[in-house]
Every structure is written in structure tokens, then in C-alpha cells.
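By letter and in written order, the chains are A, B, C, D, E and F; residue numbering begins at 1 in each of them.
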Amino acid sequence: MNGFTHTDAAGNARMVDVSEKSITRRVAVAEGYLITRPDVIQRIQTQNIAKGDVLAVARVAGIMAAKRTPDLIPLCHGLPMDGCEVELTCQDDRVRIQATCLIDAKTGIEMEALTAVSVAALTLYDMCKAVDKAMRIEGVRLLSKTGGKSGDYHADR
Amino acid sequence: MNGFTHTDAAGNARMVDVSEKSITRRVAVAEGYLITRPDVIQRIQTQNIAKGDVLAVARVAGIMAAKRTPDLIPLCHGLPMDGCEVELTCQDDRVRIQATCLIDAKTGIEMEALTAVSVAALTLYDMCKAVDKAMRIEGVRLLSKTGGKSGDYHADR
Amino acid sequence: MNGFTHTDAAGNARMVDVSEKSITRRVAVAEGYLITRPDVIQRIQTQNIAKGDVLAVARVAGIMAAKRTPDLIPLCHGLPMDGCEVELTCQDDRVRIQATCLIDAKTGIEMEALTAVSVAALTLYDMCKAVDKAMRIEGVRLLSKTGGKSGDYHADR
Amino acid sequence: MNGFTHTDAAGNARMVDVSEKSITRRVAVAEGYLITRPDVIQRIQTQNIAKGDVLAVARVAGIMAAKRTPDLIPLCHGLPMDGCEVELTCQDDRVRIQATCLIDAKTGIEMEALTAVSVAALTLYDMCKAVDKAMRIEGVRLLSKTGGKSGDYHADR
Amino acid sequence: MNGFTHTDAAGNARMVDVSEKSITRRVAVAEGYLITRPDVIQRIQTQNIAKGDVLAVARVAGIMAAKRTPDLIPLCHGLPMDGCEVELTCQDDRVRIQATCLIDAKTGIEMEALTAVSVAALTLYDMCKAVDKAMRIEGVRLLSKTGGKSGDYHADR
Amino acid sequence: MNGFTHTDAAGNARMVDVSEKSITRRVAVAEGYLITRPDVIQRIQTQNIAKGDVLAVARVAGIMAAKRTPDLIPLCHGLPMDGCEVELTCQDDRVRIQATCLIDAKTGIEMEALTAVSVAALTLYDMCKAVDKAMRIEGVRLLSKTGGKSGDYHADR
């Protein structure tokens, strides 16, 4: 066994056989940040109080992207998710993005949560780039996963 | 004018009218990093010498995602890209990802480059997560854009 | 509970958690109409006797759209449908469209049936718009759903 | 010439050759209605004042669907739209949906506008179906198109 | 120059830069065959006389797949096709499939024509596999291409 | 019963109801060939020794296409595959492509395996067409399927 489950003995890419795995309840939580200037955050928040569109659009984009994860990540299994939430929190100079995905399935749902965070961040970038091109996406990582044979995982906070 | 070109006066989301813009040659370069442990990098590189699949799969995923950017980013215009390159460089404890996208069009191609970087990073995460779940995606940002009325942009290095 | 299952307490969009729901057999039937002129219906029918293509293309488009419902409707769960039928009936000045979708799943399949009807109608419009631009899509609604905890529903005829 | 531009002489479906058409500025406006109960409209509006998510999600879904029109409507040409706006207006017992799409292209953009209206309506249905399953989508039609050789079209109001 | 335009000097995959190419009218024609038993052809033809659905569905599938070529072929440029026709001809023990695609663009449209043929053939297989699992897809090739700097190509007949 | 499970009594296309079928483990293996000149094979292999990209890209494209089969084949059920492998073997004047797909489901997975082979072959064509436009895709067929009520199938070798 080579540690990389997505390649065979010769190192060729494959979508691994999960048919022997058992179906368990799985939850994955991921987070990430869009770093910008405080005045951009203020504009997003003011906009948000009036209509909420910037955050609303990013939230929808994140959820829709989570559903399309197997289309984007080549060796990722297609999974009919049971639920998905994307939370956006404005902080001083950044928007914190947290995605929670859940499923009853043979394989985990970490990639869906990480994809939701990444695409929500990209959408925020797209909508704000006219006022700040120096924004950065930072700290996209898995916070926790539960369920599955490999056991639970909780990131250091 | 409200600074957010993707919302109307009432703050509602829209895909802005670019029909009056002129077609110019546009190039965008973005970068990002997948941070992991040195031993994971060594595994990727050894794998790479033998077959190159981990990096090859991430490269393909990044290019394909760039083409699907308008499907992912709600208010982004659909653009038939003229070219796209994704370069992956192994460093001590990270993989550096750089994407270059180009087009002759009325609107920029920054989102395509940033999406290519993000999805290549997610693919690396997916392929290596069996050996390291604590990987993080950091520093996803626009390095430069040229072409278009708003002028060129070069990030501070 | 706020009545809108697709928003959380703060009114933010989310894809609701259905993991506690039990899997039951579910059937949804939807209908709709493309209203046009009698001479357009005659052209469709004559065409249909010869080759059937206008109706055949709309039928295929409806079925394919049903499969893509989760890609189109942001907060809709992805469901591997067990079956789908789209029936098109020419009447005096209209085409009646009826879609039946079925599944064994935790969530209903109404959106798939309604999407099949809508996209079949749009396809009819597309194929006939050279002869009638005043066509209208009317009466798209759920006729019945069975299965699931919320009970059966049958529309007034 | 058989009046149906999407079939050949034998009635077989095809995607017609538009290469000889000239590129002109084209605008299409479509409308449609989601009919429901007054109390559902009040809930949408109250929700809207707080966060706007129901209408915001439908607006985003409509714009994204417009971009995917060629993927849904079999014989429709793929067009890189220059702009798209979806306006939602709450009335007594209904939501009025209006979509405006524009492009410089060889073919029209009516299908994009009609698809945006239909998918926005389906999204409203999806988000409100827990409180009203008897909602109907009515009056989806082209309001106007300008540009192109076949001349302008304005629906009777 | 290494002859493989889709890899850089180091052999890495990329989507080549075509921005310096000039826009010319391009036409590509491809063919292929689904080989089966004569009795299956007779069934398809009888079916065809009644309703034509098997051939109609395959034709639609081929056209829709041509439009999605850049989503399927990783390094293929996205092109808004000007037209596409898929012709299906029943012969003794086979269905001949021919696809013609055209465009005014910087890059060729061969892949669209070959993809249309392949997916039409796969669709025929799918619809007939209940009566013959031994069907084969044979002779998928480019018949001709015109336009572009590399000159015209006509296959040996 | 008319032998074509994808059409109803009147010959209209439909996606057949599989809800009464039982879930069994299913495996499908398909093969196909890209025929070219020996010198092209040598170039692919040399390229392969250096970086492996041509074969790696085709492998990824095949796996991703398998996941998108229900989007391409109109009446094919959507199935969350349990695994997929695409093997490419260089021979004298051809590349042999073999795809293995598996699933626990109510319906078979033959179309996924055949689609993986076809799209991998198309990708090879795309990447090598600058050096040989006369390449042909030949012998795409099902090698075996196991599982399901209709019994196992093994092609004559």
C-alpha cells in the first residue's frame, strides 16, 4: 500500500473501489478566509444590511459548488449529499467562511466542504474585485470530520 | 456608482453589461500554496519521478476548472479562453501552484486563473488526504493582470 | 420553525439536513402547457407524423433536465432518479406536457418533475419560435406527489 | 423552407448553421409569474426585509441558468452573454419575474431570458413548497427582442 | 517544438495559447459506426417508421455532446459552435453516424465532430443493449477539416 | 414488451423505472483502441517516460467522463459509482484502453465503462492530432458485466 489511495501500484490515477466500505453517517466541517481591507468589509456589511446580496450570492455559490465537487475533483466519488450549510462572518479585515456537509455514505465528504469554502471565497473575490484586487484566500482547511473507518479528525484550533 | 459592479442600485445581484467594453488581449496570473509536511512532498516527488500522476491530475483538474469558471462563479461572464497553463512546483513543505490564463475579450480572466489555482489545490488535497488531513490552502491571490480599461495590476511580491 | 425549510433561523439559505428522514418510494407528477396558434400545432403534428422530431427533442430535453435539477435549483438535493417519463400531447392551440418522476429516497422528487416540464416547454418554444414568438408557457404545477412524511398531495383538477 | 429552423428537410433535428449571420447587438426581455397565496408573499417579503434570501437565491439561480441555456436546450447555440439581470417583484398573490439578457452575436438570446425566468420561478417554488404546494408558474413569455435580421419583436402588453 | 501541442517543453499538460491565430471559417466532418446484428437494425428501423425515437434520441445526444466537448476533453478550447448536424443511416448490420460541425474561430472543431459521433454511438448502444450486448463502435475518424493555418485535410475514403 | 427498454409502447423515449430492481454489486469492463502510426506510439511512450502526461491526461479524462455519463447519455440513470479504473497500454501502432467500473446499484454500469473508454480515446486523439490526423477509434465494446437480474455477460475474446 502506497499511502496515496488515488493511485495504483504503478502510480496511475484511479478512482478507488469503495464498494466494501460500510455506509455510515459522515459530517465534515471546513473553514477559510477572504482577506481584504477593513473598508471593503464595511461596504459588504452595509450592503448586507440593505439587501445581503454579496454574502447571499457567495453562500449560494458555495452550496452549489459542493454539489458539483465530483465534477471538479477528478478522483472524487459522486455523493448525493444530505445537507450543506455555508456560514459567512464578517470580521475586521476578512470574511470567515465555514461549510458543513453531511451524508450517509461509504466515503467521506471532506472535499465537498472544502470545495464549498473555496468557491464561496472565489465568489466574494469576484464580487469585490472592483474595489480591491489584492484580496487573498487564506487558511482553507478541514476543521473536523466524523464517521468512517479512518476515525474522527479534529484540527488544532 | 456603488463600487460593487455585480449589484444594481438596490443591491441586487446581476451580471453586469459589458457590451460597450472593447475587446483587448488580457492575461491573468494567479498563485496559491498547498501547505503540508516535508515527507508528503517527498512522497509526491518520488511518485512524480516514477509517473507524475499526482501533479498531472492536479494540473488537468485546474485547467478543466478554469474552463468551467462561469458555471461556478454566479456573476462571472462566460469566456472562451485562448489558453491556460497550470504550473506546480514542489517546495520544502508545500506545493506552489501558478495559473496563467489568456483571452481576447471584453472582460478580464482573473477569476479563471484563481479558480484554476483553487481547484488544483483541492485536487492535491484530495489525493494526499490519506496521509495528511492537516494540509491547508494558503495565499491564493492574483499576481498580475494586463489588458482592459481598468489598467494593469501587479501584486506586491 | 419558520416555514421555509431552505433558510436557517437568520434567514440564510442552506441545503437542509435530510439525513434523519427515512427512504421511501416517492412519485411526483407535474404538468404544464405551451400555448401557441392552431396552425403551429398542425405543423408540429405533421412534422411528428413524418419524423416526430419536435416532440422527440422536447421529450429528451425534459428527461435530461430532470437529471440535472440539483445543478439548476440551488438548494435542491441531488437524487439518483429511478425513472422519468415526459408525455407530450398536442391539443387545439397548445401542447400539454406531463412529467412523472420516481425514486426511493429521503427527499421528494417534485422539483425534478417540474423542471422536466419547464425545460420541455422551453425546448418546444426554441424549436417553434421562428413561426410564433408569442407562445407562452402556462400552468406549470405539481399534479401529485406520493411518499414521504409530509403525506400525499393531489392538486385540484 | 419548412418554418422550423431546427429540423432539416427530412424533419431531423439539427443545430442550424448561423455562420453567415452578422454579429449585432441583441437584447431579449422575458417575464413570468409564480402564483401563490397572499400569506406566502407576505412571508417572502418579511423574510426579504430581514435577509432577502428567498429572492436573492432565485435571482442567482436565474442568472446561472441563463448561462447554462445551451446545456439545457438541445439545439440552442452556445453564446457568451454580455449581461443578464433578473428582477423579482412581489405582488398580491404572486412574484413577477423579469429577465433581461444581452449579447453581441449572430443569434438571438431569447432562450437565455426565458430560461432565466423559468429557473428563477422553479427556485421560488422549491424554497416555498413547504408552505404551498399549489403554486403555479404562469405567463412565461418573451416581452421583447431587438437586433438580428428577423427584426424587433414586442409582445402585446 | 515537440509535435504535441498540448504539452510544454517539460511534457506538462497545458491548454495552448491560440490568441495569435486568426479567426477563419472552419468545418469538420467525422464518421463512425455502431456494429450490431441485422435484426437489431430492422427493429431500429421499424421503431423509426413508427416514431423515430431511437435515432432521434441519438441525434440529440450527439449534438448536445458536441456543445459540451470542452467540458469532456481536458485541453480542448471552448468554442461557441455556429452549427452542428448529426446524420444516422441504417445499413445492413450497422448504423453509420456522420457529424458536421462548423465555426468561425481561432481553433479547429474536429474534436466537436468526433465527440458528437462517439456520444451518438454510445446512445445507440444504451438504447439497444437490452437486445444486443455485443455491439461495437468502430471506425470513428475525421473525414475532413477545412479552414485554419494547418491546411485542409481529407481522409482516404 | 418491445425489446427496447428505453421506449414506451408508442415508441417514445423514456427513462425506465428501475425502482423494483434490487441493489446488487455490479462490475463492467469495456475496451477500445486508438489506432495510429508506430512513430506516434513511440513519441507517446518517450513522452511517457519523461512525464507521462499524454496517458495521464487521457486516464483522468476517462474517469471524469464516466462520472458524467448520465449527463451525456439521455436515458441513462444517474449512479454514484463506487470505483473506476482506466488502463492505457501502448502497443505497436495503437493504444489499448480498458475501463473497469463498479457499483452497488439497481442498474448496470456498462455505459460508464464504455463512456470512459470513448472519452479517453478522444482525449488521446486531441493530444496527438497535430502529428496524425488519420487516427481512428476502433473496437469499443463491452468485455464483461457481472451482477443484475439479466445475468453475467462475457464477450468472445
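Side notes on the structure shown:
The rule we apply is simple: contacts are C-beta pairs under 8 Å (C-beta built on N, C-alpha and C of every residue); 3 or more make two chains touch, one makes a residue touch a chain.
For clarity, every value in this text was computed on a predicted model and none was experimentally measured.
Fewest steps needed to get from subunit D to subunit F, stepping only to touching chains, is 2. Counting hops only between chains that touch, subunit C reaches subunit F in a minimum of 1.
Compared with subunit C, the chain whose C-alpha mean position is the greatest distance off is B.
Looking at B-E and B-F side by side, the one with more C-beta contacts is B-E. As for how the two copies subunit A and subunit F face one another, under half of their interface residue numbers coincide. Centroids of subunit B and subunit C (each the mean of its C-alpha atoms) stand 36 Å apart. Chain centres here are Cα averages; for subunit A and subunit D they lie 30 Å apart.
Residue positions of subunit F with contacts to 2 or more other chains are 12-13, 51-53, 56-57, 60-61, 64, 68, 71, 74-75, 80. Counting only pairs that meet the touch rule, the chains in contact are A-B, A-C, A-D, A-F, B-D, B-E, B-F, C-D, C-E, C-F, D-E, E-F.
Remark: subunit B residues 8, 12-19, 70-71, 74-75, 77-80, 106 touch subunit D in the complex. In the complex of the two chains, the subunit A residues touching subunit B come out as 2-7, 10-13, 32, 43, 47, 50-54, 56-57, 60-61, 64-65, 68, 71-76, 110-111, 114-115, 118-119, 121-123, 125-131, 133-142, 145, 150, 153, 155-156.
Note for the complex: subunit A touches subunit D at residues 51-53, 56-57, 60-61, 64. Residue ranges on subunit B touching subunit E, taken from their complex, read 25, 56, 59-60, 63-64, 66-68, 80-87, 102-104.
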